[in-house]
Amino acid sequence: MSLKDRDYFNVKLERQDDESLWLKCKACSELIFKKRVRENNNICPKCGEYFFLTARERIESLIDDKSFTDISKSIIADDPLNFIDSKPYLKRIEEAQANTELADALILGSATINGKGVIIAAMEFRFVGGSMGSVMGEQICHGMEEALRLNRPFILISSSGGARMQEGVFSLFQMAKTSAVRAKLSENKILFISIMTYPTTGGVAASIASLGDVIIAEKGALIGFAGRRVIQNTTGEELPDDFQTDAFALSHGSVDRVVSRENLRDELSKLLSFFLEAE
Amino acid sequence: MKDEMTLAALREQINELRRLNANGEIDLSSEILLLEEKLRRLTAASYAKLADWDRVKLSRHPQRPYALDYIPEIFGNFYELHGDRIYGDDRAMIVGLAKLKQRTVMIVAQQKGRTPEEKKERFFGMSRPQGYRKALRVMKLAERFSFPVITLIDTPGAYPGIESEELNISGAIANNLQEMSQLKVPTIAIVIGEGGSGGALAIGVADRIMMLENATYSVISPEGCAAILWRDNGMISEAARALGLTASRLKELGLIDEIIPESLGGAHTDLQETAANLKEVLIRHLSYLSSLSNDELLKERYARYRFIGRYRILPKE
Amino acid sequence: MKDEMTLAALREQINELRRLNANGEIDLSSEILLLEEKLRRLTAASYAKLADWDRVKLSRHPQRPYALDYIPEIFGNFYELHGDRIYGDDRAMIVGLAKLKQRTVMIVAQQKGRTPEEKKERFFGMSRPQGYRKALRVMKLAERFSFPVITLIDTPGAYPGIESEELNISGAIANNLQEMSQLKVPTIAIVIGEGGSGGALAIGVADRIMMLENATYSVISPEGCAAILWRDNGMISEAARALGLTASRLKELGLIDEIIPESLGGAHTDLQETAANLKEVLIRHLSYLSSLSNDELLKERYARYRFIGRYRILPKE
Amino acid sequence: MSLKDRDYFNVKLERQDDESLWLKCKACSELIFKKRVRENNNICPKCGEYFFLTARERIESLIDDKSFTDISKSIIADDPLNFIDSKPYLKRIEEAQANTELADALILGSATINGKGVIIAAMEFRFVGGSMGSVMGEQICHGMEEALRLNRPFILISSSGGARMQEGVFSLFQMAKTSAVRAKLSENKILFISIMTYPTTGGVAASIASLGDVIIAEKGALIGFAGRRVIQNTTGEELPDDFQTDAFALSHGSVDRVVSRENLRDELSKLLSFFLEAE
């Protein structure tokens, strides 16, 4: 799998959510019945290419049917810096909310996986690039505190470009905040499984996502701190073909496993069984 | 900053008059006093109205004092330690033992380098994974011996290179964040120049976070922000303003504890004065933090980080 | 070992008779029983008188079962984990979660590789610093969740290469020794093949040290010892004997706790039988160790290591 | 400084202890008055080359005059394996004892450095290559326990080829033994300074010597796990010029400092002052 240029990045994250019943796979160019794709974990039934999964689809693909209960706090982004780029920050948030029907870039709930109770959270890349601002930081911490309170494992599925620029240092410090709360899980023997997907980068990679007791990379994930362009511009280095891929992370010791999307649920179930008392 | 050149010219003239005065042939002391007062006023005015982007440039000023300039002014007997015991010795991250008023402290500091050779050796102050791991190693050493930890932050950011990614820079930074949140000794972080994003934060989780007056601290560089959000290099100054990266703004926002005044015109105009201010602040805060038990210390630190963030609470439906 | 070929021929003949017997035309069962008994006797005698050097060769036998052969026989659900989170993933050191009689344990094992490709990938079982650091990482993970740690030792030694020295292999091994001496969970180390010096010991500090019957454990390879002390490759067998590296010798010397019997002729003749013996030993010792409090466990472990050594006490003058 | 071959190794460790009043420096070929060399920390007054220091000379070069008190246990090597190579092990020990006037390859005592009390130990390379067997392991542990009891820093100066082969696994396990006792110093905030000299290799490098709170390499030290020949034979790799030198160890992050012999005492004194209460 080649990650040679930005285009690929865009293809990976493209979401053909129009009314059409059909969808074109960019990998094998086949026109496929969209429903079949959605039912197949958004994997191309022809060539096996992974299409983009929304946070909600992601969670549903991993948990027992109808076991999800939203436990997120009722909070939405503030605008502490009165940030305006091409549009005001809160306008951007409103649009993202309308577009995704989410309050911010994270879904958080309790659920069961093969009957085992967990707290599970997933980032929504369509919501301002899955960026971590004050809301996501708080929701992740809230999720970990619920895991502590209920003595359940905490599972976080990352899909993010990093910290949310529009909240400035508030966003930066969410890295420290989530890492500090994560330490409480360690102290109290609560399992934290981090799942990295396409893409897990920047401030999210450099904080909570890299702190899993077990770190699983989804096959095809993009995992890294700095962007390819930044690295090339700063260093002039030629990037290897597998740079920041799942295989790169595995061979360099950054993640425990690479798991294909089809097997992710079974893997989680198996992994959980080691950490839960015989039931 | 055009102002800077005008002010520099005035400063030079005053020095010239001082030399004349020193000859003893004419008494110019009252004129000099007047000019000095004028220089002070102009400088203060000029720096007060600095745009945020100018402040960024000041925080990167080539003459700005670096960690190794401050350390001998503030501490006694700096004894540098080296290496992460795993892979290498990052010269952009200097660590070591020092004395602050008889008390042993551990210093962890980012260092940019002054000469071209030194800049290269120190990767322009961009720390690499081996640097963050070295920092953590000595912080754990400090914890073992109950030495407070003082970090001096000054980096454009963590070094973005292939080797950094191979060495799991994400994991190195994340690990420092977690470990520093639990370090059982008083910790003080001071941004002395550039506080460049995660690369700065990775030695910045502490009981006190302070900034020098002209230092900056940001989630992303104004250049990077302008490129991503505006897709326009002309918007760098606007991005700098939007990011809220100055000491005064961050103090207003409650994200830092204190602003440490610099000498008039910026720390590079008077290292001794700025260092003295820094030292006073360190001693004062360390004295308070040392009065706390470990439990109190960690509880306060945890509360600080647990509650960082600004959001709106939706009314229950 | 010439004996081995004779024994193999006899074994083949017995199998041939079994096949004839199975046809049902003639009843050979009593003859087969007699031959089997004879084979058992000859094998036992042959292996009992094995020279130490032959035992070394047996511990390195190309057909000898490796960690990944035993694991599925003994444990349920092996779930491999990867990486040191710093630099790499050493394939000569495999680690992961598994179940032993419903109980979760952490396995840390050295693996040599069977095919030429696998041997290369696994560096012929020679662990590198990234392997020792991976091992330590998961042992600390096990400690956090109170999982006992079981290590399976099988290595010619730590990998002697430039990269190993660059990555501070000395520090990696030393660090494991110290950390394992303090790990707050029951730990069992079993030498299943070659126990090659520091490279073996680095995952071998434990509450129980056991060896398979034909495994060896030595401060240096017989080849290395002969080269250094005798400067004569002809003295390898003599060096093997002098080093006292067999399970029986080490048990006599009080350096290991128990010898785990292998199937007759060596573990490679009957993996299931050897694995069953191994499993029984693991369960028995784990059951005892789990009955101790952490304090008792660490105290016993400390006493064990504190008093290892043989020396003479000089009378006070 | 080149470490290209075994000859250099021998030169570094050569001890011209004959009756002659003169000594020839192998580095600059000068004939030098031996007494002047001995008074100069065994450094060549012409070219600065370091000659071999005995354990006793080493300790005397670091501590306050006449401050040394031997605190070692009265023990000598046993021969648990009845080990005979070119000569019986105990014969080898007796010869080394006669040759060095030491009981085994370690000197251990209490002393002061600029008035600061320490427990200090140094390995004697002339005694069976400074190898660590049961006696050295026990003496090091005894030293650490004395450091604990008296609340004093522990300083160990290594000069060793590694574990002592003639005691087999007893020697190997001294690595674990010393490391386990070393952990007690950490628990009790007792400083441990490790000084690595030419050579610090094998089982000594891979245990106690690498566990210093602070690790100092003497300028010109040889520091490594595996021998050059073993590495070349196993891997066929071309070894870099600075391989396993002090500079190599420093640049690869294995040691805290490289210090020249002349400055070692002052460095120690300075370092100790950070860890001792203001007196």
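All chains are identified by letter, namely A, B, C and D, in their written order; residue positions are counted from 1 within each chain.
Following the convention adopted for this analysis, a residue touches a chain if its C-beta (ideal position, glycine included) is under 8 Å from a C-beta of that chain, and two chains touch if they have at least 3 such contacts.
Computed from a prediction, not measured in an experiment: that's the story for all the values here.
The minimum number of touch steps linking chain A to chain D comes to 2. Computed from the mean C-alpha positions, the centre of chain A lies at a distance of 42 Å from the centre of chain C.
Remark: chain A and chain B have CA centroids separated by 33 Å (rounded to whole angstrom). Each of residues 252-254 in chain D touches at least two other chains. Residue positions of chain C with contacts to 2 or more other chains are 85-87, 166-168, 171.
The list of touching chain pairs reads A-B, A-C, B-C, B-D, C-D. Per the touch definition, chain C reaches chain A in the complex via residues 77, 79-89, 97, 99, 102, 104, 130, 134, 141, 144-147. Chain contact summary for the complex, chain A toward chain B: residues 73-78, 80-81, 83-86, 103, 133-135, 137-138, 141, 163-165, 167-177, 179-183, 202-203, 205-211, 223-227, 230-231, 234-235, 237, 239-240, 243-244, 248, 252-254. Against chain D, the residues of chain C that register as touching in their complex are 158-162, 164-171, 173-175, 177-178, 181-182, 197-198, 201-202, 204-205, 217-220, 224-225, 228-230, 239, 242-245, 250, 253, 255, 301-302, 305-306, 308-316.
Contacts from chain D toward chain B in the complex involve residues 186, 189, 191, 213-214, 250-257, 270-271, 273-275, 278.
Across the interface of their complex, chain B is touched by residues 85-87, 129, 133, 166-168, 171-172 of chain C.
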